[in-house]
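To keep things simple, chains are lettered A, B and C as they appear, and every chain counts its residues starting from 1.
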Amino acid sequence: MNDSTKTSKRPVKPKPRARSFLIALVLLVLTFWAAFKVSFDLSTFWEVWSNPIWSKFWPIPWDWVFTKENTFDPLIETLQIAVASTLLGCLVALPVSFAMSSLTTPNKVVYFISKTIMNLVRAVPDLFWAKLLVTAIGIGAFAGAWSLSIFSLAVMVKLFSETVDAADPRPLEAARSSGARHLPAVKTGVFPTVFPSYVAYSLYIFELNIRASVVLGLVGAGGVGRVIETQRQFFRFDRILGLLIIIFGIVWVIEQISVSLRKRLV
Amino acid sequence: MIKIERVSVTYPGGVEALKNVDIEIEDGEFVVIVGLSGAGKSTLLRVLNGLVPATSGSIIVDGTEVVNANSQTLRQVRSKTGMIFQTFNLVNRTTVLNNVLMGRLANVPSWRSTLGLWPAEDREAAMLALERVGIVDKTYVRASNLSGGQQQRVGIARALAQEPSLMLADEPVAALDPVTSRQVMGDLQKINRELGITTLVNLHFLDLAKEYGKRLIGLRDGVLVYDGDINKVTDETFREIYGRAITSEDLHAMNEEQQQSVGNGK
Amino acid sequence: METLSDTSTSSQRPPAPKTFHRWFIALPFLVAIIWSVTGLNITLSRLIDAPGDAWAILRQMIPPAFGEVYKRGAVGKIFESVYIAWIGTIIGAFASLPLAFLAAHNVAPIWIRSPIRQLFNAIRAVPELILAVILIPVTGLGAWAGTLAIGIHSIGTLGKWACESIEDIDEGPIEATKACGGKWVTGMRWGVLPQVMPVISSYWLFRFEINVRASAVLGMIGAGGVGSELVSQLSFRNFPAASAVLLMTMAVVLTIDTISAAVRRRIIKGAVNTDEESRTLEAITDLTGIRS
């Protein structure tokens, strides 16, 4: 072996920063505090199975479930709400998404305003919108359609503006270099590339809206959710369970159709 | 007639792309611009149609001042200036026809182009352009289904559809194989001769320039280092443009390419 | 006319393609739209009235009554929502992680992973609100019902995302641990976990952001949190108070979103920005999503 001056010294293991320990400690304390505040109760995990409430879920009264008034009509209403709100929300989301994308926005003012408005809209929990609109417009499917429109708008804008941001900017440059104004340049240069994604997202949002209308009813906004809420107040969980099974069956069917349609688009 | 007077371009990051460039180009000239990557070739083309704003100096294209022009003036200049790109910049998802129609964007009211309701005369202009580049049979084919050379011909057709007085080609053949490159360069040369359109072509290497160009402009680090007859290019010129002497490898590569093209028939 | 160059074909103009098949696709959509609009009784007068009604309410919401709401303890309720989301996300995260391993096709055999994947799908299909409705009779009203609802639902979403991350990994490190003679668990701990933890923990944070909103909503049916406050103010038509609750909720949501986005970015990138100005810039970018 060569002389000792040539051997390399072993490096010292880097010490974890004191700051990381502190953060971890704070998080841990906060977690225990939070658990205390929400009445974390481990016993629930084994008590829940023996609760007498489960008997209320069974047997499922299928004769009640398969009636026009209880299931069929509300489901139709739910579908109608889903179609109308997907349509409205996604339609408005189209120009807003283009305005919000640094690639296609016409100027900084529009960009800034649209981004800010959408950030505020998305900071409101979705059902808060529903409750506000129900209070303003009144109970029923109409309010439900409006709330889901806002919900659709929020989701579509998030998804679609990211797609537009990632779109190939080069055809847009070509359009601009031929002397086109902003809107025609975006329509011919960017739109054809992102449109299939837009349609795919719309189908996805339609699915989401059908599921969402189930919970919308819990705040009075129409559709099958309304029926579920009524039954909940009577503690008829057996009927609710039956309804839910039907609903999720339909959702599953629509999901399969939607997935296959979406595959063909992209 | 293009007059570039003491034009400098400094990008926001601080990069000086062009330094005090002076060039005069007569109508109908075929000018080749060479230089290393980053020498300022792309910038030079893009200040002519205002895609890149000049930091100082004056550029007059057919009697119109381009530097600090308002957007309407720029659009007018651009509508008469066709641009061809290294990466073709086509909208891959749509048809060849829709791509070429983009060249008519400046001619057509915004609402028509946005809705896709192109007037008959603009469709005719697009078809004529496609016929001129010999690719009209692919009119309704999706752009992404074409080969590289065909895509570039669509790019040329798009520029031709503008009925331009100036053609700017930014490394039009860099992404193509040697045989296709010669086809495209030949097309550009023919357009220049038959239609009298002033043509500026950026190229990476001198060999292609020597075959097709008459006048050569050499750029190095944003500075104009050569402006004159292409046949008068010497080793000294080469060294000035590329920063090194011409080597035997370069000569070998040039000879090989020449032989290939002769063997395949132009 | 002389054409330029080439090997390709004729200069014959091809016939324009037929476009009527587009109408075949458009028609069912049009029918669905007309059916919905008529079914919902969307008459023009209702369409015009609706924004007017909303506007009338909006005017009553200004100025928001922050003081009054503060006295009623709304701030505590908002924190309760955050706690619910925090614990719920933790429950979901810790429960979903081992399950996600068992659901990944490069880890577990099909007779284990198929039922677990179905379990994830089933759980995901049930909205938190429905879960809460079912749980309230069991646990009673209050934050615990909400926490469980969020926790259980998160198992489904987080499980699916984690499973996809695990399936996406590079097999190399697993091979390496096998080559050193390690057992299956060792391969998971040293080969898989270090690769997927950054992505998975950023999913956990993202889910936390969503869960904060969900927990606010759960309050509306009595499962704890600020939702109950909003509902009661609206039922008394006390609009200034309602708007105060709303604005405070939004502020908290935005703050959490910003912090979470910054942390997520740091986890993924692993970079540390010590420059004060760029950190502020990052915070603003996160908050507003606006890039310069």
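FYI, a residue touches a chain if its C-beta (ideal position, glycine included) is under 8 Å from a C-beta of that chain, and two chains touch if they have at least 3 such contacts.
Because the structure is a prediction, the values reported are computed rather than measured.
A.B. asks: By the document's touch definition, which label belongs to this structure's chain graph: line, ring, star, complete, or other?
C.D. replies: Contact map by chain: complete.
A.B. asks: Report which interface contains more C-beta contacts, comparing B-C against A-C.
C.D. replies: Of B-C and A-C, more C-beta pairs in contact link A-C.
A.B. asks: Nearest whole angstrom, what separates the Cα centre of chain B from the Cα centre of chain C?
C.D. replies: 47
A.B. asks: Starting from the mean Cα coordinates of chain A and chain C, work out the distance between those two points in Å.
C.D. replies: It comes to 6 Å between the two C-alpha centres.
A.B. asks: In their complex, what parts of chain A are in touch with chain C?
C.D. replies: The touching residues are 30-31, 33-35, 37-41, 44, 48, 51, 53, 56, 76-77, 79-81, 83-84, 87, 102, 111-112, 115-116, 119-120, 123-128, 131-133, 135-138, 141-142, 145-146, 211-212, 214-215, 218-219, 228, 232, 235, 237, 240, 244, 248, 251-252.
A.B. asks: Which residues of chain C touch chain A in the complex?
C.D. replies: That would be residues 32-33, 35-37, 39-42, 46, 50, 53-54, 56-57, 79-80, 82-84, 86-87, 90, 125-127, 129-130, 133-134, 137-139, 142-144, 146-148, 213-214, 216-217, 220-221, 224, 227, 230-231, 234, 237, 242, 246, 249-250, 253-254, 257, 287-291 of chain C.
A.B. asks: Can you check the complex and tell me which residues of chain B touch chain C?
C.D. replies: My answer: residues 127, 131-140, 150, 183, 186-187, 190-191.
A.B. asks: Which residues of chain B touch chain A in their complex?
C.D. replies: Its residues touching chain A are 49, 51, 74-83, 85, 87, 89-94, 98-99, 101-103, 105-106, 108, 110, 113-114, 155, 158-159, 162.
A.B. asks: Using the touch rule from the top, collect the residues of chain C that touch chain B in their complex.
C.D. replies: Of all residues in chain C, those touching chain B are 1, 3-6, 8-14, 16-17.
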